[in-house]
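Input: structures, listed below.
The following pair of complexes shares a single chain, chain A, combined with chain B in the former and chain C in the latter.
And now, the complex of A and B:
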C-alpha cells in the first residue's frame, strides 16, 4: 500500500471513530464556532466605537480575519496528530510507531483528522464571504486563486507550527503551552493588518513565523492596496503564500532531527 | 466544623503550587498575548476623540490585569470531581461526615486562587516595570482585594453549577464547552466591557460574568471609584448567593436520582 492510500485509510478510521460520538461532535463544533465568533463581536465593537483602524475599515479587517481563520481551521484539523503528540512521548506510544516500516511523520500525521474544526471553518467562511461581498473588490479568477493560495499557504504554515510543537516534545513535554503564543497568538496577530504593529513585531511575523506572508501580503494584493507601511512589491505579495509551504517542509526536516534525539520513557 | 474544608483547600492549594513549569509557560504565552492586544488597542485609540468611556492608559492596564486574572474564569470543571460523578465514585464522597457541596466549594476555591497567584504575580511585576500597568491608591487597592475575593466565590459557584449539571449529562463537558467562550466575551476578556456600544451595556449588567473579571479590574484602573465598591460587592455576593443556592438544590436532586452501580 503506498503512503497516500495508507494515509487515507487511517483518516477514514479516525472519521468513523469520531462519528460514534455524534453528540460530542456537535457540542465541540458549536464551541469551536463560538471560540472565534467572540473575537468577531469584539472587533465589531471596537470599530463601532472608533470608526477605523489606521485607515482600515471593518470589512478589510474581515478579509484578514476570514483568510487566517479558515486557514487555521484546516491546518488544525489535519495537524491534530502533531498537536497531541506529547501524549505519545509521555506514555511511550511512539516506540510502537518506530517499529513500523513507515515514516514516523506519516504515521503521526494520519492519527486524526479533527472534524469539529468545522465550527471554526464555518465561522471563518461566513466572515470571509461577508467581507468579499461588502468590499469593492472585483472578484476575478486571479483574485480568487490568490485567496485560495493564501488559505493553502496559511494552512500549511499552521501545520508546520504543529509539527514544530511535536518536535519540541523530544526535548520537553512540560512547557508546550509556549507554542500557543505562535499558533493562537499568531492567528490573533494576523487578524489585523500587520502595519499596526511595532517594527520588531512585524519582522518576527514576517521572517521567523511568516504569518504575514499568508495573510497581510496576499490580502493587500487582493484589495489592490499599496503597502505604504512596508513597501512590498505586488509580485512579492502574490508569491508570499508559498513561504507557508516552505515553512512546513522545513518543519518536517526539523522533525527528522528530533526523531533522532528520541529517548523512550520506557513505560 | 470548618476545619475539614480548610484542610481540603490547603491540600489542593499546595498540590497546584507544584505546577510551576506549566505556569511559567502559560505566563510567557499570556505575556505575548498581552503585547498583541496592547498594540491593537493603541492603534485603535489613535482615532480616539476624547469622549471614550475608558481611557487608553486604563485600557492598557485592563489588558494586563485581565491576562493575569484569566484563571479566575471557571472555564474548566474540576476533572477529579467530574470523574467521580461519571464513575460513580461520588458514593465514597457521600460517606464522609461533611457537606458535599461545601467540600467541593473549598476545592474549587483553591483551583481558582493558586493558578491566579502563580500567573498574576510575575506578570504584574513585568507589566509594572515596563510602565504598562498603573497602580491605584490604597483605597481602591483595598476595594480591589475584597472584590477579587468575591470574584473567587462567584467563580467557584459557577463552576460547581457546571460540574453538578454532569449528574444529568454524564458525557457532559457539553455545557462547559458552550459557556466558556461566551464567558470570555461577557466577562471582559475579549475587550474591556466599557468599550462595547452603550446599548449593549444593560445586557452585561444583567449577567453575573462582569463580576468575575471586569468589575474588579475597573476598580483597579480607577474606572469605578472607591465609593461604588460597595455596589460592586453587593452585586457579586448576591449573584454568588443565588448560584450557590441553585447549586445546592440541583446537587440534592442529582443525588436523589443517582444510581451507583455495584462491583
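And now, the complex of A and C:
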C-alpha cells in the first residue's frame, strides 16, 4: 500500500476513534467555535471605539481574519500529530514509529485528524463571507482560486510550524511554548494588515515566518487594492501563498535532521 | 554466517545535569552541563538463526540500548553490527521489516479500537498481502486463543489479554527475529504460562530467533538455553544457566525433612539457612564436602524422613550478581 493510501487508512482510524467519544467531539467543536468568536468580538470592539486602523476598515481586517483562521483550523486539524509529538518523545512512543518500515513523518502526520477544529473553521468562514459581502468582493474564478490558494498556503505554513515545534522535541521537550509565539501569536498578528507594523516586524512575518504571504498579500489582490504602504506588485501578491508550501517542505527537511539527531543521541 | 553479529559495540549518552531549585533550572536553560554515560562499552556476541537468548541485567545495564541498536533505531558510536547481513542503522526500513518487537510495558495497538483494526493497519504498514495476512492472523489467533477478544476495544482488555494481542500484532508480518522486552511483566500466573508456552512454540516450531529481556527468572529458566548477562555496559557472562550458577557460586542446598518437629542438625561443613518445624535448609560447598559424604553423615546422626539436594534459585544468583543482596543471603558472600 502506498503512502497516500496508508495515510487515508490512518485518518479513517483516527476519525473512528474520535467518534467513540461523540459528546466530547460536540462540546469541543462548540468551544472551538466560541473561542474564535470571542476574538472576533475583541476586534469588533476595537473598531467600534476607534473607527479605522490607519485607514483600514473592520471588514478588511475581517478578510484577513477569515483567511488566517480558516487556514489555521485546517493546519491545526491535520498537524495535531506534530503538535502533540512531545508526548511521543517523552514516553518513548517514537521508538515504536522507528520500528515500523515507513517514514516517521508519515506516521506522525497520520496520527490524528482533529475533527473538532470544525468549530474554528466555521467561525472563520462566517467572518470571511461576511467581510467579502460588506466589501463587495467580486467572486470570479480568479479571486476564488486565489482565496483557496491563500488558505492552502496558510494551512501548509501552520503545518510547517507544528513540524518545527515537533522537531524541537528532539533536543528538548521543555519550553516548547516558545513556538506558540509563532503559531497563535503569528495568527493574531496576521489578522491585522501588515502595513501597520514596524519594518523589522513586517520583514520577520514576510521572510522568516511568512504569515503575511498567506493573508496580507493575497488579500490585497482579492480586494483589488494597491499596496501603498509596501509597494508589492500584484504578481507577487498572487504568488505569495506558495511560500507557505515551501515553508512546510523546508520544515519537513529540518524534521529529518531532528530524527537523525535523535537516532545518534537517543533519549 | 550468524544471523545476528555484534562486535565491540559502544554507545554513550549525554545526560543533562539538572541543577537544584528554580534558579538552577533557569541557569540550566542557558548553559547546560552534561555528563557522559557509557551504556554499552564493547559488547560482542553472535546468534544463529533459531536461537532463544535470555538477555538479562539490572535496569540501566544497556539491555534496551542493545535492542534499539539491533533494530536500527539508534546509531552506536563504534562497533560492527549485522542483522540478517545488514547494518541495521544504515538500513532501518529493511531491518525492521524482518523483526518484531514487543514491549511489555507499552502496547502498539490502537487504544480505542478493537485489536482486529490494529491488525489490519499493521498489515498495510508492513505491506503484507491479504492472503498471507489472513493465514498468519488465523494461525496466531488460534495459538494465542484471542478469537473472542478481537472485537473488543483494546482499552477494555485485561493486561494478559492485551499482551496476547500484542504478541500477535508483532508477528503479523512473519518476522524472522523477535525482541521481547519484559513480555510477562505484571501478568497473572495463567497468562504468564500461556505467553511462555507461545514463545517456546514460536521458537521451536517456526525457528524464529528470540531475544528475551526480562527480570522474571522463571521466564529465563523456562525458556532460555543461553543467557547473556550484561552489567555496566559489558558482557558479564555468555553461556548456559548452569554456567551462570557456576560463575557466581558453587553453593548447593540440602533440604532435609525431619521426623520430629523442631529437630536440629549440626555439621561442620553445612550451615542452616532456614528452618520450618519439619524442614531444614542447609547450604554447603560441594568442593569442601562431597554431597554423598554430607548426606551419609547427617543420616547417621539424625532421624530423617526425606532429603534432597538442589541449586540455589536463579533469582538469588542474579541478585547476588547485581549486589542486591537480600538480608537472608548476606552471609553467603564467603562462598563465592
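As a working rule, the second predicted complex is superposed on the first by the 262 of 267 C-alpha atoms of A that agree within 3 Å, B and C clash if a C-alpha of one lies under 4 Å from a C-alpha of the other, contacts with A are read in each partner's own complex, and residues count from 1 in each chain.
Note that in this section contacts are C-beta pairs under 8 Å (C-beta built on N, C-alpha and C of every residue); 3 or more make two chains touch, one makes a residue touch a chain.
Note that this is a predicted model, so its numbers are computed, not measured.
Look at A:6: by the touch rule set out above, it reaches chain C but stays clear of chain B. Applying the stated contact rule after C-alpha superposition, one finds that A:259 touches neither chain B nor chain C.
Contacts of A:20 after superposition: chain C is touched, whereas chain B is not reached.
Within the superposed three-chain model, A:46 lies in touch with chain B and out of touch with chain C [touch as defined at top]. Looking at the shared chain after the overlay, A:175 reaches both chain B and chain C. In the superposition on chain A, A:92 makes contact with chain C only, not with chain B. Once the two complexes are laid over each other on the shared chain, residue contacts for A:100 go to chain C alone; chain B is not touched. In the superposition on chain A, A:137 contacts neither chain B nor chain C. Touched residues of chain A were counted for both chain B and chain C, and B has more of them. Chain A residues in contact with chain B (one complex) as well as with chain C (other complex) are 174-175. Within the complex, the chain A residues that touch chain C are 1, 5-6, 9-10, 13, 16-17, 20, 91-93, 95-96, 98-102, 174-175, 263-267. Across the complex, chain A meets chain B through its residues 21, 23-24, 27-28, 30-31, 34-35, 37-39, 41-42, 45-46, 48-54, 174-178, 180-181, 184-185, 188-189, 192, 196-198, 201. By the touch criterion given at the top, residues 11, 13-14, 29, 65, 68, 71-75, 89, 92-94, 96-97, 99, 101, 103, 106, 108, 110-113, 117, 121, 124-127, 153 of chain C touch chain A in their complex. The touching residues of chain B, when paired with chain A in their complex, are 21-22, 24-26, 28-29, 32-33, 35-37, 39-40, 43-48, 52, 171, 173-174, 177-178, 180-182, 184-185, 190-191, 195-197, 200.
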